[in-house]
Every structure is written in structure tokens, then in C-alpha cells.
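Structures are listed in the sections that come next.
After this come two complexes, each holding subunit A, first together with subunit B and then together with subunit C.
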Partner chain A sequence: MELELWQAALLQAIVIGSPILLAASGELLGQRVGVFNIGIEGVMLMGAVGGFMVAAEAGNVVVGLIGAAAFGAGFVFLFGLATVVLRANQVVAGFGLWLLGLGLSSQIGRPYTGKRAEHPIDHWEIPGLHEIPWVGDILFEHLWLAYVAFLIPFFIALVMFRTRHGLNIRSVGEDPGSADAAGVSVIAWRLAYVVFGGALIGLSGAFLSLGTTQNWTPFMTSGLGWIGLAVVIFAGWRPLLLIVGAYLFGGLRALDFIAQSGGWNVPPEILTMLPFIGTVAVLILGAWRYRHRPDAGAAPRALGQAFFRGS
Partner chain B sequence: MTSTDSGNAPLAVQMRGIVKRFDDLVAVNDVDFDLRAGEVHALLGENGAGKTTLMNVLSGLLRPDRGHILLNGEPTRIRSPRDALRRGIGMVHQHYRLVHGFTVAENIHLGWDASPTVLTPARIEERTRELSDRFHLDVDPAARIWQLSVGEQQRVAILRTLARGARILILDEPTAVLAPGETDKLFGMIRQLSSESGRTIVFISHKLEEALEISDRVTVLRGGRHMGTHAAEDCTPRMLSQEMVGRSIEFTRQREPVELGENALVAEALSTTDDRGLPALREVDVTVRAGEIVGVAGVAGNGQRELSETLTGLRALTAGRIQVGGQDLSRAHARDFLAAGVGHIPEDRYASGLVLTESIEHNAILRAFQHPPVRRGPLLIQGAARRFARMLAKTVGLSISDVSAPVRSLSGGNAQRLLTGRELNASARVLVVVHPTRGLDIGAIEEVQQVLLRARATGVAILLISEDLNEVMRLSDRILVLYRGAIVGEFTDPEQFNLEEIGLLMGGALAAAS
Partner chain C sequence: MIKRESGRLGRWAMGCLGWRLEQRTEPRNQTAHRLAAIVVGVVIALIAVQLAIGDEDAFNRIYRGTIGSKRGWSNILDLAAPLVLTGLAAAVALKLRRWNVGVEGQFFMGAFAGVAIAFQLESMSGAPLLALMFAGAALCGAAWIAVPAIARAYLNVNEILTTLMLNFVAILFLAYIATGPWRNPQSQGSILATRDIPEQARLPGVEVAAVEFSSGLLLGIAVAMVLWLVFRSTTFGYMVRTVGGSEQAGSYAGINVRLLSVAVLLLSGGVAGVAGVAHMTGGDTNAYATSLSNNTGYLGIAVAVLAGGSFPVVVFMAGVIGAIISAGSALRLLDVGSELGSFGLTGFILLMAAIGEGLANYRLRRERPERETLPPGDQASPAAAAGGAGGSRGT
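On to the complex of A and B.
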């Protein structure tokens, strides 16, 4: 079937947007408890290589994905120890995490470089829906992990805004001193959610190596992690808006490819920049719009700050 | 006296030999402290006496380096605030530790095991309403904390602590930021809690009269040591103040009449907005003459900060005029205000007055480094800077051996003296002073106030913005009351300053006054 240009754009937006959504969901969990993990790109790479290796050795894709989550979580656990428990500077530690992930993943993935994934993630056609004319095959014939990625923000929103537990984790990112005084275990929740977020970021890496490309190559994430970071800011730290942001930025990222097939005369570098220009624009708009509302659409107040009891 | 020779209520808490150190500082030194079930117990002392530290130990926020605690006679280790609450001990801190972006209901239910697992805003607001009725504490469950007055925030903090079953309620300087009217309300609440529901209350304060008014027993700390515990009816303010400071201090007005000069500062119909863009000052008129101290009384958050910032060029006006010595500064920058002779002692001396990590010398020249002799061409002359700093220290009676030591090494009182001296040196005409003695001990308060009075005698026009009503009344020649960004009252005769009337105006109870 020949796809119209808009159909191709939509398809690519979802294909590229889904791993961004997973990574952004993981990053959001960390940021909501006040931990800014800029090493997200390195964590994705660890997840990509870990998932690929485990799937190859175990001969099973689900085991591979669990491996990817474990690689991501374990890798971020180091970061959590440094920043949450030992209170190191989050930006410096995150930078280290990124570079370490970059190097470590290419090193441990060397034996697997260039091989095809024997047990990739399957596509699921949603019964009935995928036969809808025009959009059915665009929206409802994806990797099953893409549907999971779509549902995760709903789950996060539900827990975060409709449960006692969610109230507690939000308070840890807003005002850890007050949360502590109210009886919330700040260090424990911070560590738990940064690591949990790391698992999701690891999964997003495996989405690429076991799903989109079905092979492992060093540096294969090529900036998607940074876009995930931008999506969190774009969404104003609100889980449901992650979905909009991820697909939008996925679509912008796909413009490169669409421009080529459409024969547009635009340098690809310009198109690659678009998500980041979009993020800056949203930041400016957001700052202007929420200037007078200290409680809405803003970053968690304690984002990036180490917690010391009594300070 | 021993802890059991009067009264027959059982001891709810016994703290024994508590020691708490912070680096070199021994904040609490071998202190014994008892609480009888159902009493109101005032914990008195100057700033830095160790009151809050001692109670932080009891409420689980800090662990003692030595000593032990018995609850109802049982030796107990209190591991965290949560652990303390489980044992019925709750503390309401001076800063209420509420999450400002959250609603009242969310703050009440935060970190609380008894909150429903699944909670919607409507559900927790309903629960908050029930708690509010049960404890007779009126709060708006859906309001966000930043929208509330300080008194309302305090009620939320108290309600939260009570809701979690605190039988022992520790209130840390609860009256420090309240207007007199709100204080009466708080005292009514404390009496009700202790008499009707039998709760034990610790009332931390450095205000003698308040402590005597509200408490059954009083414990005095000084320099981290236990000075004595007395039944309130056996105490006089004089004896307690002696115990608190180690000598008795006379509070007399030492103001000599000064010939008033011309209008040094004239502000007409000042209006401006706060950081959120909401109106913070509404058509405020202020005139200060040379040699006059004009006090601005008001509860925090009624426009004091914005007033001081507009009068020093740090915040733009939305309407109105400012003149200093006849020169129009309505649109001027902070540097123009300095050049026109306006000095500023900001409300937080460490946040915006001094650079903590920099040397005394560099802090001293902050207002002078652009002029000779400290500056020569593009260069900073180190020797001149040092001489300047020494000279400045001398004028405010500060004995400093090493001006290259960081400001951090100075005590609060000495830091404030350095700042006051610097601003007076830079600007001989007008001084805008905000909370000049907040957080200082009694001795340092006296000294800083003397510096201000000496400046007044030399013809400086001083605008004194302070939450401490006693200070405003002691120093001012004239008092303005600021409420919700507007001047709601003026008192022109120092002999007839009326604490009660000013207090009512601060609380917004009266529309007009003398």
C-alpha cells in the first residue's frame, strides 16, 4: 500500500515518538521527586545494549526487555546513590552518567555489534481498529511496547494525582523539607523513583534495539534521550501532556525523512533542531503564562536540589 | 526545683542530660526537661539559647549526641518526626513546613498513614472540613498555602499536627509573625486544647509577657543550658529576663529630641505589584524629614518588602512619585538612589545585604568600590580597601582583628553592625531599614538600635520597617500602619503610641485612626 505523505508523517511520529515517550515517562518520575537526570541518553544506550544482549542469550524478547529495565535501573541506581544519598551535584553526576553510558555500552556491546535481533518485539494489530480506513494501519499496527508506552502516562497520572502515595511523591519534589516534616521518607522515595524511572528509560533503549532497528549499534539513540528530556519540560511536568509532546517531537524528528521523500529543499540540520527550538519556545511561553501562578505548570520547586534534613 | 514537688499530673515526657552539637557549637548542653500531662509549658530563652534544638530532639528531627528520653516513664528512642507523631508528639515549626503549591487539604493529608489510599481533591477536602470542625480550627480546604495569611497557615500547620493524634503539641515561636489580634486568637486556641482535650503544649518563645500569660510552668534556657523551671505564678518578668540574659536589661526610651530638618524623602501615591504581579502597594504616601525616624508597622506580607524595594530603586513603580532631597527618583535605578543618599538595610541581611562567603573587607567596600580612594581608574586598591574597612568597623564599634576573614565568621549582631555602618557611610541622607534586629540577641539589639538613634541625631532620615511592634514604638517619632499595601493609620505623638490600637490596625480591624 502506498502511503500519503501525511500518513507517513503520522506513522513516523508514533514510531519515533514511542521510545521518546517511554524515556520521558521515566525522566518525569525522577524529576517529580526532585532529581534532574540529564544522563538519560547514556541510560537509554545501556538499556538498548542490555536488552539486546539478554534477549540474544535468553532467546526470549520479554526476558530481554526485563533485562533492559534492569540495566537501566541498575545504571541509574549508581546515579541515585551519588545524588540522592551522597548529595552530589545532579548536573555533574548526570553528565558523568551520560558519558559513562556512551562508552560502557559500546564496550560491552562489541560482540553484538552488527548482529540482527533474533527475537524482536512483535507487532500487534489491534483487532477491528486496524481496519479503519485511512488511519487504521497507521495507528493500530505497532510494536506492542508502543501501546504500553502510550498507557504508562495515564497510569502515572492516576497514581500521582489520585492516590495518597502520589501526593507524597509530589511533595518530595516540591518541598522535601516540608515532606520530611510531614512524615514522608524523602531519601527513600527519591531513590526509588529515580531508579524506577531508570527502568523505563532502559526499556526505551530496548524499544530501539529490539524493535525499531532490531540491531545494536553504538550511539544508536542519536539524541532521542535529550529529546525525552525536552519533552518533560515541554509537558510542564504533567504526565498526560508527555503523550502530546512525545508524538509531536517524534513527528518533528521524522520531518528529516519526510522532507527527503517529499523533495523539500531544507537542510536536514535545520529540521533536527526543530524539537529543541520548540522546547525553548514552550519554556518562554510557559514562563510568561504562569508568571502569576506559582502553583501551575512549573517545575517541581526542589528540582535539582539535594535534600539535607533541617536545612 | 525538682520535677515532682508540685502538681500531681504524671510526667508525660522526661528528657535527661540531652546534648546536641553542631560542629564546634554546643547548641544544647546537658539539659533536663520535663512535661506534665495536660500542662502548657513555656520554653523561654534568647535566640540561640537552644530552645528549638531541644524540641527538635523531642520531635525526632534531630538525634541527641548524648542523653535519653522517657515517654510516660518508658525509655524511648525517637527516630524521626514520623516516629514522634506515632508516639503522640507533634511539632509546629516556626516556618510551618507546608508545601506552598499544594492546597490546605493536600497538606493535611501529606505523609499521613490514615489518608485514604485513593484520594480525590473532593474527598480530602471533605475530610479536612470534618477535621476543621472537630478541632474548631477554621481553614479553607481548597485554598493553596501561598494564598493564605501567616495566621491562617499556622492554623493549617496546627490542624495537621492535631489530626495525626498529637497529644503533645510543640509550638515554635508561634507568635513571632502574628499581629496582636491573631495572638489572642491563638492563645484562646491553646487554652481550649489544654483544658478541654487535655493536650500537653510546649510554647517556645523569647517574649516574657506572652510566656507568663499562657503557661502553667516556665523553663528558661541560656546558652544551651537549663537555667530553671518555675510555676508561672511564681515568676516575674524581671526575674525571668535576668535568667534569660544573665543580667537585667532596662528597656527605656533613650531618644533625645532632635530638630527636624527638611523633607529628605517624599513618596507620593506609590503603587507597585509583587512578584506575582498582584497589587502590593496602593497609593502609599510617606514623608520622612531629616532627623526623624518613621516606623512602619504591619504584619509580614502586607507590602513591607515592596515598600522598601521601591524606596531603594530595586522595584519599579506602577504609579506615584519618589523624591529624595528634592531630586525626582520615580524612574531611577538602585545606583541613582545610592548616589542621592539612600542607604538600605534589607530584611534578610545574608540574602541581600552581605555576601557571606566574601571577606569583611570586600563586604565593607560594596558601596564604596566605585569611588576613590578604593578605586583608582580601573583598579581596586587593596590597601585603601583595607583601611576603609577598618575605618568602617571602628565607626560602629566593631573590633575585628582580621578584615580578610569571611563575613560568615561574624555573629549576627556584628554582621548587622557592619551592614548598618556601611549603609550609613554611603548615604548620609536617608536610610531605609527593614527588620534591623530580627534574629539578634538582646545585647546586639540594643547596640543596633543605638547606632540608628545616633544616626538620627546627626540628621539622617530613617524609615524603619519592622514586625517587632515594641521596636517600632521605642524608636519611632511617627508610626504608619501598613495593611494590605495601604497606609491605614498614622500615629504622630510618641507619648501616645497605643500598642492595642496599632495592633488592631495591623490586623485590619479598624479602618481609620487618629
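On to the complex of A and C.
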């Protein structure tokens, strides 16, 4: 199948964007309850190695993915214990988590390095739709986890903005004092959602090791976790905009390869830089828009702050 | 007033033993808690090494690879040299409670300024060329943090996010430059590098008591002393201490808090830039290359945090992290990856330090058994909390 340039770009945008989307969804859940998990890259690596190991031992990809989610959740539980329960500094603990994830994942993955995944994630062709000319084979022939990744932000948005449960989530991140007074246990909600987010981030790692590359190599996420973090900020902490951000950033990263094969005159590094520069610009422009309203802003107001009752 | 709050399960488990965790209104003895946590972390790490390897030889290897030999010492000092400067850079920002997470990027931009100046003025002799390279590096490092610094001061944009994002831009900029006209034709694989800087722009190594190390370490110690003096006994240092203690107090005292905040962050970026060029001219990599940093900037943040932001302690902590990294590589032959040593252990200890500081928010109290039968209903009542629930309830 010969692909046109724009088709290849779109395909790569989805292939690279889907794990970013999963990781960003997980990070968003944590940040929405006020926990800034800067260790996302390390969690992703733990998920990647955990999923690969469990899938290899159990001989089943679904068990492997559950394992990846469990690895991610368990690893973030450490972070949650430190930051939410014991009120440790989130930046320090997050950097610790990242470095620990880098080291630990390469260590426990040593016996598996260089092996192929025997039970990778399957491709699904959506019946009917994948026969549409031009776009069918680009949009509707992906790993099944990619479709799940696409649906998760809708689900998050539905729960977060349409249910009482979601109101609690948001209140814990915006004004934990009021949430606490209303009988919502800030500690429990924060811990639960940062760990649940960790499970999603772990899944995004397994998307790479069991899906995209189908093998495990140390440091294989190569910065995708950081891009996931950037996407959350770029999207202004809004779940549906995560989809736009993830595919956009994935596509810009894909252009790296495409610019080379297409013989463009633009240095590929400049294109890959754009997501990060764009994120800084979005932050600054957002702050400029709210400059006369110090209490407003796109970020959850209690983001990064430990909660003490009565403060 | 002391309030209690911990998970129900945890409270039940502690309650069975007659103890409970109580929250302090003000954290106490953070330094002591942090140090204790670091020690506990190192002990746990050593036990884990013993359990995982189960080899009598492991500790012997660690000892010989670190403080047990001249070679080990020179390894530690070489690894510590760049960490002193990156640690100082992060510590400068911490004085104002700012997080310069962009040390890594400023480090690379400092090296870029150095290499650019060296290639433009290749015929210049050593000392003036080096002086220009270092000045350029400081300016370039400061320039790299200028936008986050101004945005933080005037628009209250979180500097953690902006400085972090600019790291990735810096590393991509390196990739762009290192594949361009300055490319080293011999560089291969994933390591991107320009050609080496001219001979006269390299700093010689230093040898003390038959232990060789890079001269960047001496520079780092000098910078630490200068910073310590400046922050201790100048008006600028006094203003930073005032504002660092309370921004409100600072602005009541007539200090231009925004300008001061910009200045401190620029200084932090400048030191990080110097770290980059010092490591390039004094270390093993004499080119603008990805191999220049093995997460040196991020490890510098770890150093600054573990040192509690104090400049003299930064020098010491850089040595500790250097020792941990060389201990990790000493175990490489025993089926332990060097990544576990360099990143894993540092990360674990950092996590432990954070937990230690967190624990400073609590105290352990003996509880009289009959209090256990109290209904947990006071949990949700703000009135009870404000009334000092649990405050005087212990023994």
C-alpha cells in the first residue's frame, strides 16, 4: 500500500498520539484533583516494562495490559503516599519518582531486553468504515487500544462535568477546604485519582512495548511522557482538548520523519520543538488573559499544594 | 492547635497499638527529618543490593569503586564536578522558593555559547578565549530562563512548567546544531556531537595527593563560596532572605519583589550556563554533544533539594550523589545496570527525602485506649476542627 505524504503524516499522528493521549488522560486526572505528577515519564517506563513482562509470562496480552496498569498504579501509589498522605513536596517526590522509574525499569527489564513481544496488541479494522477511500485505512485500522485511548477523554469529560462525582473531583482540586467542609475526604479522593491516573499512564507505556515497537528497550518512551505532561497544560486542563493536543503533538513529532523522507527544507528539529514552545506560549497567553483576575485561571487552583485542614 | 488526619485504616492500625499520627500546625525539624530519611533510604538501598545480588563481593566492589581507591576517588570527584554547579544553580532559585527545573536546558545553552565563541575565535589564545566563553555561557544560560522568569514575576506563570518545557527545546536545538555545519563527521549512532573545541580552550585536570579530577570542581567550590558570601553579607542577599521568608513582608519593606525574583532566576540560569561550559572545557567531552549531560541538570536539582538549598552543603551533596553513581557503575559486572545506580538510587533517595520532609508535619502520640471508642463523626465537622478537636486530647 503506497501512502501519500499527508496520509503517512495522519497515520503517524495517530500512532504516536494515542499513547500520548493515554498518558495525558492519566496526568489530567491527577492534576484535576490537585496533584502534579512530574514523574510521568518514569511511570510510563514502569508500565512499559511491567506490561511486557506480564504479557510474556502469562502469554496473554490482556493480562499484560492489566499488569501494566497495576505497575503504573502501584508505582504512583508510592508517590501518592508521599505527597498526598504525608504532604511531601510534589516536585521533589515527582523527580524522585521519575529517576527511580528510569533506573528500576531498566533493571527489572534486563532479562527481557531485545526480545520480541509474542502476544502483541491486535489491530482492529472497524467493519465498513475502513473501506472508505482515502481515509479508511488511515483512521480505522489501528491497535484496539488506540480506539480506547480516543474514547477515554470523552468518558472523563462526561463524568467530570455531568455528575456529582465529577463535581467532587473538581472541587478537591479547586478548593479542597470547601470540599473538606462539605464532607469530601480530600486525602482519599486525591489518592484514588492520582493512582487511577497512574494506571492509565502505565497503560500508555504498554501501548509502546506491546503495540508500537513490540519489544522492550530501556528508556524506550524517549520523552513521550513529558509530551503528555505538555499536552495537559496545552489543553488547559480540559479533557476533550487533550484529544486535539495529543494528535497535534504526535503529528508534529511524526513530521520529523516525514520531513526527511519528503525532502523538505525545514529542519525536523524545529518542528519537534513546536509543541514545547507552543505550551509555553499557551501558558503565558492564558495568564495574560486572566491578568486582572488573580483568582481565575485555567489550572486547578490547588494544583501542587498539599492540603492541611484549616489552612 | 494540632489536628489529626490520616487514613481510617492507618488510624485503626496505629490505634490498636495505642499510637496515632497527629498533624502539626508548623513543620518541625525538617532538616533532621530529611537527613534521617536519606540515611534510611541508603540503608534500604544497601539491603536491597545485598538481597538482589546476594554476592559477598558486592560491597567489596562498591568500596573499591568509590572511596576505597585513588581511581574511585577521582571517579567520584569527576562526577561531582558538574553537579556542584548545577546544584548551585537550582539552590539559588530555591532561596526565593522558586523551582528552576530548567537547569538541564540552561546547561546545554551555556555549552552552546561556549562552543560558538570557541569556533568563531579559534585563533585566540587560551585565557582571554576562556574568559569570553564563560561570560557568553553565563549570559546565554540567563537568557534561556529570561522568559520564564519575567512571566513568573509579572504574570504569575508557574515557572516549573515553563522552565521544564524549555529543556526539551534546548536539547532539540542541540540536535539541530550538532547535525549542522559544526557536525563531528566521526560521531555516530544516537550520540550527537559537534567537533571538538580547540586545544587552548580546554581546562587542564587537577591532581591532589595522586587523585586526578576535573578543574571544574575547583570552579564549582569557588562559585559556592562567592554565592555564600553574596547571599550572606550583601544587601541583595538580605533582600532575598526577606522575600524568601515572606513575599508580603518583602514588599511592605519596600523591596521590588518582581524585579528581585527576575534577578534571582537570571542568576540561577547564569550559574547553570557556566556549569555547561565548565563541564565542556574541563570534562571528558570536549564538544557540544548530547553526551555532555547524563541528566546532570536534573540531578543538580536533586543535589540542591537534598542539601536543603544551602550552598556549602550543595558541594558536599554533589560528592554524595557522585559516590552513589560510581557505586552503581562499580556493580555493572554483577548484572546490575548502571542506570539503577545513577538514576534509580538517586530517585529513591530523593523520594525518601521528600517523605522525610513530609513527616516533619506530624508527630507520633500515645493515645489513651478509651479515646478509641469516640465516634469518627468529628471528621466532617469544620466547627469541631476549628475548635481544636484532638489538640489536647493526647496524654
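Here, the second predicted complex is superposed on the first by the 298 of 311 C-alpha atoms of A that agree within 3 Å, B and C clash if a C-alpha of one lies under 4 Å from a C-alpha of the other, contacts with A are read in each partner's own complex, and residues count from 1 in each chain.
Basically, contacts are C-beta pairs under 8 Å (C-beta built on N, C-alpha and C of every residue); 3 or more make two chains touch, one makes a residue touch a chain.
Source: prediction; values computed, not measured.
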item	value
First, second, both or neither for A:A157, with subunit B first and subunit C second	neither
Which of subunit B and subunit C A:G42 touches, first, second, both or neither	second
Touched partner set for A:E174, first subunit B, second subunit C, both or neither	first
Touched partner set for A:I258, first subunit B, second subunit C, both or neither	neither
First (subunit B), second (subunit C), both or neither touched by A:I126	neither
Contacts of A:G183 with subunit B and subunit C, given as first, second, both or neither	both
Per-residue touch tally on subunit A - higher for subunit B or for subunit C	C
Which superposed partner A:R301 touches (first subunit B, second subunit C, both, neither)	first
Which of subunit B and subunit C A:V244 touches, first, second, both or neither	neither
Contact residues common to both interfaces of subunit A (with subunit B and with subunit C)	180-181, 183, 185, 291, 294, 309-310
Residues on subunit A engaged by subunit C in the complex (per definition of touch)	36, 38, 42, 78-79, 81-83, 85-89, 91-93, 95-104, 106-107, 110, 180-181, 183, 185, 187-188, 218-219, 223, 226, 229-230, 233, 267, 269-270, 272-273, 276-277, 279-280, 283-284, 287-288, 291, 294, 299, 304, 308-310
Sites on subunit B touched by subunit A in the complex	56, 61-62, 80-82, 85, 93, 97-102, 106-107, 109-113, 115-120, 144, 146, 160, 164, 276-278
Interface residues, subunit A side, partner subunit B - complex	162-165, 167-168, 170-171, 174-175, 177-185, 291-295, 298, 301, 309-310
Residues on subunit C engaged by subunit A in the complex (per definition of touch)	1, 3, 5-7, 10, 23, 99, 101, 147-148, 151, 155-158, 160-162, 164-166, 168-169, 172-173, 175-176, 179, 295, 298-299, 301-302, 305, 335-337, 339-355, 357-359, 361-362, 379-380, 382, 385-386
